[in-house]
Every structure is written in structure tokens, then in C-alpha cells.
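Here the structure comes first, spelled out in C-alpha cells, and everything after it is commentary.
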Amino acid sequence: MDQSTLAAQCIDAALAIILEKEPELAQLDSVAGDGDHGAGMARGFRAAAAADRTGTAGQVIAKAGMAFSDAAGGASGALVGMYLMTLGGGLQGDVTTAIQVHSALVKAQDALMKLGKAKLGDKTMLDTLIPFTEAFGAQAGAGATIPAAWGGALDAGRAGMESTKDMVAARGRSAVLKERSLGTQDPGATSVYYVLRAVGEVLQRECP
Amino acid sequence: MTKVFNNPVDFKEQMIKGFTAAYSRYVERIPNAAGVMVKGGPTPGKVSVLIGGGSGHYPLFCGLVGKGFAHGAVIGDIFTSPSGEQCYRCGKALDGGAGVVFSYGNYSGDVMNFGMAEMRLEMEGIDVRQVLVTDDVASSADFDSRRGVAGDFFVFKVLGASAWRGDNLDTVEAMGRHANAMTRSFGVAFGGCTIPGQPQPLFTVAQDKMELGLGIHGEPGVETSDLRSASEIAGLLVDKVLSDVPAGAGSKAVVLVNGLGATKYEEMFVMYGDIHKRLAAAGIDLYKPVVGELATSLNMEGCGLTLMWLDSDLQALLDYPTETPAWTNV
Amino acid sequence: MTKVFNNPVDFKEQMIKGFTAAYSRYVERIPNAAGVMVKGGPTPGKVSVLIGGGSGHYPLFCGLVGKGFAHGAVIGDIFTSPSGEQCYRCGKALDGGAGVVFSYGNYSGDVMNFGMAEMRLEMEGIDVRQVLVTDDVASSADFDSRRGVAGDFFVFKVLGASAWRGDNLDTVEAMGRHANAMTRSFGVAFGGCTIPGQPQPLFTVAQDKMELGLGIHGEPGVETSDLRSASEIAGLLVDKVLSDVPAGAGSKAVVLVNGLGATKYEEMFVMYGDIHKRLAAAGIDLYKPVVGELATSLNMEGCGLTLMWLDSDLQALLDYPTETPAWTNV
Amino acid sequence: MDQSTLAAQCIDAALAIILEKEPELAQLDSVAGDGDHGAGMARGFRAAAAADRTGTAGQVIAKAGMAFSDAAGGASGALVGMYLMTLGGGLQGDVTTAIQVHSALVKAQDALMKLGKAKLGDKTMLDTLIPFTEAFGAQAGAGATIPAAWGGALDAGRAGMESTKDMVAARGRSAVLKERSLGTQDPGATSVYYVLRAVGEVLQRECP
């Protein structure tokens, strides 16, 4: 399978898991937010999956990101859209090593942080992303393949996601409600983990 | 419950179509964008004001587009900021050559999306200014971190009037910032709203409780309390708003008691009697009070109090004639 | 639920106090009566229009008092006709020497109470006419037996304009009767409202059902049906209203989609798109459509469609400038 | 006890029973009406009980009727108010015989019927009143005392009230809903029966 098809399959897998989890995400966002996270992520990935899929894997992801951003709207539309656009832009030409992927993941994460001005522990999607990307980097440094590094980093992402339960939101809509968000997992951290896991399954299956 | 819809996924687009069909005498669709603008578009050589945000807050935002008020509104999905792309397209369509002011409630999604649009428009040589509304005293001790609620109405009104009477971009922006600096709100909720297609309201409030410091996006309040009488709620709203009188405020203020959707006019009038008395007793000269629905949250049960303290500048702009689908004054 | 009140027994009086405090720039209290009148009272030598009914329907009735619209409103308790005594007092206060037109929705309580007031005023030499609104096609096959719902708005608007522009009593009455003859409404409900202080809504509707042909007093509809999509509801409303086009109707009609309180603007816009298309397809030239809350039923969930077919007389009166607490047009 | 005090006591008793039954009346009126019958009757009798009580029994009742009508509003305010005013007007001077009372009851009933244009079987308060008054007249004709005639007529009133359950409303707000009112007792017929019964108890107690 060529890399752009693989990228496209990852986007399809993300769409599938988000559609499946939409009610759960809506519910999580209604505790201290406005309940639209599930619908927004679904709109975003529907548009991403319908975007033009010509060009390199990086281009496919970047175009998906643009479509995502426009369709989803909201904080997560801007953030995830920016992330995907930067990720795509970071994946130049043929991508063969986990090191290459890690460098693109870091760039995308930096762009997201610059846009949203949040940091680790603020109870956002970054609490999934940052530990995932760090673990991915460690695996990549130790010479793991892309699917192996991805698969190996998921546990860190999951732990990060789960840690948001005990956090008080410092960014985004929920920040106003402070302690009210305690005890509930962050919707963005949750959706991002689901997407990472779904992408990991595609990589495992398609690049054995 | 929200009961009237077709496919929830198409809700926004169908809403815009219905809105523009009903109010074609005031507004037109911005081509290729999720937005509307005053019939005929921007006036060449004049500043335009673009307001916007998620939908579910009618008459915010599109209901306030028209002569004397906002030139356009960019429309997001229910409770969801419009995307940077849509803000960009609407901003671009609204530029009459003298620059565009973006104004919206201070929510991180809106800040990011309008911010990205501003960057793109500035790159194209369009001068863009941003006036964020931060009137909700419940949402933060820090003024600039507060979210925007019903104060949107007054800030937009001032911005629109300033632009329509022909002020330059600096002045329009300054008037809007001044209006925001002089505006304070506080609200309470008695029940949550339901997003179209969802089986449950976003939150529920026990029959004998109320939420203090609610948002206008179906977020619960910052605190739960026992349900109080209309007089006690009036006292609470007045106390909270007056706990943070803006620096430099005079004695005159325009007053809004705003319903969120399912707390109705008669209830608000009962409460307003006490609000009026308490504000007057606090030495406030009440100017043209309004009791109505100017910033809703679908069918949420709740209401809030907003004051904008006036000087002669703000009063003149507030009184500037407007004709829009949801608000006309002569 | 209706949540904001003090003692339910004092609800009406507190509501009137709050209303007149907020809107003293438009209205004043009628001395010693449960009613309000345009600031300054009746114009000597001119006909006055007194509207009224139970409360719980804001902006009906008091929100429509002001220049160009009704001269006064007599205000009953929630869903309860004002008494004959109050109708008498308000009618008397409103006579400017050229007679008074009473106008209200056709409910037996209102008919009796306004009727008794008319008798007393006539005995005192004041010429009183009555224009009953009978727009609800769901309520009876016999036109004169129908009840009045959101059509009140258009009939009152025509009456008020006719009186303000200086027509004599016969003409004002005739214009009002003509407006009513040309007006038709049909509505649906998705949930009942709660009278202040009552533990339960007046009726409930299952989540997957709706009521057809509702009243605006929290009465359930005349029939229950499955809940339909916005498009299907639009079709139903249009079909019902067009099933009874008035004799002599031309092609032009003013259109109102009215919300009863807890069915909100965005939902109505979604539905309005289809209503507009269907009416246009039926050959109707839609004039100045309005989507809003002009005749509510506390926090009832539901909405309705009203058309008034226009000729040049009615159109001119509809367009006559007004300034009232709830409705201004230039 | 003089007759005007007796009349005043009857009004107090009516107020007491209506306040007790207010929720039931509200509930009955919500089935096919607008739910305000309990509140309206309560407002009416509160005002009636607070009205001026000087003069003859007839004058006390007439003034109570005026106050009732103004305070209650609505269909029942107009109807019951008119009834009490006419009843008071019909009780001239010293009232000693049931025949005298019957003639006043008939006048009041006629005034109510003229105002409301309803008849027996229309599912209104008349379905209690008409049989009650007829039975009262029969007892009066047979020489019964006022308390005896009143007590003896109550069963007919109750039967009339109960018969409204099987009627379809032809007058008033509920008439629009037709069959929907079937199975529910008419609120006005119910409140009128409660008042007649409460008045009967006062008469029994005070004029033994």
C-alpha cells in the first residue's frame, strides 16, 4: 500500500472511531463544557475523509487538516485542524523512519500549543498528546519501526488521557467551571486518544 | 427539548437558509460562506463590523445584522465557534476598504478562529481589529479572561453605530473597547438546554436548586444554590453586577434583563420590579431598560442582568437608529 | 417550569409593576386599574384601541401598547380574562371622546367581561365597538366560533394604525374586522407550560408525540400525532392554513411563524425555510415575514403559522410606524 | 344570628372549601382547559370574603358578588359574580321561607344563563346548579325549611356534577377540545357543588 493510501486509511479509521464514540464525547463535554465536542469532531473527520486525497501522505494529511478545521469549527476544530496541517507539512516525501514521524509529531504539537497556549496538566488534549509523542520519540530513538513506536506509545497516551480526570481545567470553556470539571475526563484528551489508537491499528495491520 | 429539526447535521445550514428567506429585506447571504451581511453588503470607504460565534443564541448573532448595527455575522454550528476559514471569508466579504472590526464573546475557540482569520486578512492588506466581549463577572476575577454573555448586545450596538455613522477604524475599535470596559453581567440558570438531536439536556438542575454564574452555551453555572424567590434573585443579580462597577463609571447605565430561552417575559418582569428599585436605590440612573431575549442559549431556563454604564459617547451610539431582523430602534 | 416568582397570588400585580418600571418611556399605568396605556393617555378627539386578555402571552398584550399600536391593554391574571370591572375602568380611561375599540381573542371569559364593560360604558355615553380575533382554524369549522391565537398581533396592529392615523370609529372597527377576516393560524405543541406556583405543567406530551391545533393558554391540542421532522411540520402548518384561505384573498400575505415560549428561534428558522418554499409554491407573495415570539403561552413548547392576506388598506396599516416595548417598526 | 352574619358565614365557608380544593380544581381545569379555575375561584372568594359586610343579607351577597367578579376574572369570575349579584338582589328584606330563596336562586340562575348562553348538558357549572335549584324548588313547594330544602337538594346537585364526566363540552374553553373533555368532571360544576355543600353545612349548623 502506498503511503498516501495509508494516510487516507488512517483518516477513515479516525472518522469511524469518532462516529462510534460521538455520544460519549458529547456526554463528556456536557459536564463542564457545551456538549458539542462529539458533533464537532464528527463534522471535522467527515470533512477530512471527504477531502482531496491526491499527493503525498503529508499532503493528504495537510488537506484533511484544512477540511477538518473548516468543518469542525470550535476550539477543537482550530486545534486539531492546525495539528493535522502541520503534521502533514512535516511529513515530506517518502516517510520511512519513526524518527521522521516523531519530528513531524513534535512540530504539529508545537503548533497546537502555540495556537492554544495550553501546557501539560491544563486538562486538554495535550495531556494525551504530549506523553504519547514523548513515548513515541523514546521508541523511535531505540530504533523501533513506525507501527511499533506508535503501538508502544499508546499506553502513555492513555495514561495521559486518564490523568485528566483528576485535573482542574485551566484552558478552554471548562476553565470557568474549575472544580466542576474534576472527576470527568477531558473530552479532547479522550477523542485524541481514540484517534491515536485507531491510527495505530491501521499501521499495525497495513505495515506488518 | 429541542424538537424541530430535520437531520441535526444540516441544522446550521437549514437555519441560515430559513433566516435569510424570512429576512431578505434586511440581510443577504455572504456568498460561499456560513454568514450573512446587511443587504447590499459593506459601504465602500466605511468600516464594517463582523460579529459572530456559535449558533443557538438568537438574536445573537445574525439577528443583529442590519442598518445601524452589525454589517455581518459569521455563523458557527450550535455552540461552536465558526471556523477560521469562515471568519476569513466573511471578513473579506465585509471589507469596504476602511477595515473590519471583529467582535465576539471571549471563548477560546472563537479567539483562535477569528485570530487565524485576522492573520490571513492582514496578509492580504485588510486592516482588522478585534473587540472581545468580556462582560460575565462570574467567569473570572481577571477582566480580560472573562467570557462574553448578554453584554455582546451592547458592545455590538456601540460598534455598529460607530461604524455606520462613519467613524474611522481606530475610533470604532476604541468605542467598542470602551463599551466592553463599561459592561458587566451576571446570570442564573434553572435548567439546561438540549442540542438538536441529543436525547438529554446538557445539564439538569434539581427543581429546588439554581445555578449561579451560568454561561450561554448550556454550560452549568460555577456554583449551585437553593432556588430563591424572584426578589432574592433580583438582589443577587444586582449585588453581583454592582460588586464590580467599572472604573470611571458615571451614574447612568442602560439595563438589560435577558432571558436565556425558557424563562419567560412575565417572570422577568416580576423580577425586574425589584431590580429597578435596587439599582435606583444604589444611585443608578436607569436608561432605557430592556427586558427580553437578546442572548439565548437554545431553550435553557435562566436569566441574567447586564449593565452598560453610559457616558455621552456611549449613549449617543446606543441611541443610534437601527433596523435589523431582531432589533429596531428609532 | 415557571421558576421566577414571589407569591403566586401577587404575580400579576408584580408583573405590571415591573413592566411599567422598565418601559416607562412608552407606557404608564392606568390609575386604579390592572392596565397600562400609552404614555400621556388617549389623544383627545381620536379613537382609542384597548386590547387585553389574560397574562402569560407576552408581548400580548401590554408589550404592544405605544405609538402607532394599541392605546392600552387591560391585564388579567395568568390565562384569565380581566374582569368586567377592569375592562370598564381601562375603557373609560382610554376614551378620548371619539370612542373605543375593544379587541381580544375570542374566549368566552373575555367575551363576557369585555361585554359587561361595553354595556356600562355605553350607558355612560361612550361609543364602544368590539373586534374579536378568531384566527385559529383548528378550533372550529365556524369562523365566528374560533378562538384567537397569534393572529391577535396583526389585527391589533391594523386597529392601532387605523386609530393613530386618525380614522373614525366606524372605519377603525371596519379595518379591524377586515384584518380578522383575512387572518388564519394553525399551531402545534410539543410540551405544556407551568402556571407559576403549580407543581406540574398543564399537560405533557410524550417525547415522540406532538399536539395539533393547540391553544395559547396551555390547553392541549385538539389531536395528538407522532412527532414529525421540521419539514413535515412546515408542510402540515401550511396545509392547514391554506385549507381555509379567506374569501376575497389576493395573493399577497404577511407571514408570522410564532414561538410559544420554549421552542426557539433556531428551530423556527429551520422550519421556516420549508414554509417559505411551500407558500411561494402555492402562489403566495410573502410580505415581510416575521419569525419570533409574538403570542406566547408561558414556557410552552410549540409554534404556529399565521397569515394575514393583504390588500392595499391592510398593507398600509401594517406598515404604519409603531414604537412599543416589544415591537418597533419604521 | 342575624341574616347578614349568616350570609357572611356562608361566604367564609365557600372560601374555606375552595382554598382546600384549589389544587383539585386546577387539575380538573388543566385536562381540557387552561388550569386557572382553582386560582380564579380562590381569588374570587378571597375578595368576596373581604368585601363590605354591612346591610341586609342580600346586600352582603351582592357586594360579595361584585368583589368576586372583579378579583376572579375569567369566565367563572363573570358567571359566578353575576350569579351572586343577582342572588343578593333577589333576597329582599327579611328572608324567611324557602320559597323566597328559591325565587332568588332562579333569578340568579337565569342571569348566569343569559350571560353565558349555556344550557343543561353543556358540561358547565349549570349542570350542578340547574338540578340543585329544581330540587330546592320541589322541597320548598312541599313546605321544607331553608336548611332542609338546601340539604335535600344537594344530592341532585352532586348527581348533576357527576354527570358532567360523561359530557362533551359545548361551551367555554374546553368546547374546542370536544372529546378530550370526556371522562373528566367539569371544574366549574365541581367548584359550584363544593360551595353549595359548604353553604348547606353553615345553614344546617346555624339555623337548626
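We just call them A, B, C and D in the order they show up, numbering each chain from 1.
The rule we apply is simple: a contact is a pair of C-beta atoms (placed from the backbone, for glycine too) under 8 Å apart; a residue touches a chain by one contact, two chains touch by 3 or more.
Owing to the predicted nature of the structure, the values given are computational and were not obtained by experimental measurement.
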Practice task
Touching both chain A and chain C: give me those chains, sorted by label.
Solution key: B
Completion exercise
Relative to chain C, the most remote chain by C-alpha centroid is chain A
Handout entry: Length of the line joining the C-alpha centres of chain B and chain C, rounded to whole Å
Key = 28
Fill in the blank from the handout: Here the gap between chain B and chain D, centre to centre from mean Cα coordinates and rounded to Å, is 54
Handout entry: Chain centre separation in whole Å, for chain D relative to chain A (CA means)
Key = 73
Completion exercise
Separation of the C-alpha centres, chain C versus chain D, in whole Å, is 32
Completion exercise
Within chain B, the set of residues that touch 2 or more other chains is 78
Exercise for the section: Enumerate the residues of chain A that touch no fewer than two other chains. Expected result: none
Practice task
Could you draw the chains as nodes, link the ones that touch, and say if you get a line, ring, star, complete or other?
Solution key: line
Handout entry: Pairs of chains, among all present, that meet the touch criterion
Key = A-B, B-C, C-D
Fill in the blank from the handout: Within their complex, chain D touches chain C through residues 26, 30-36, 39-40, 43, 66, 69-79, 81, 115-116, 171-174, 176-178, 180
Handout entry: List of chain B residues in touch with chain C within their complex
Key = 1-6, 11, 14-19, 21-23, 25, 55-56, 58-59, 63, 78, 190-191, 196, 207, 210, 227, 229-231, 233, 257, 261-274, 276-277, 288-293, 296, 298-299, 301, 303, 321, 323, 326, 328-330
Handout entry: Parts of chain C lying in touch with chain D, wherever the complex brings them together
Key = 8-9, 54, 76-86, 107-109, 112-113, 116, 138-140, 147, 195, 198, 200, 202-203, 215, 217-220, 222
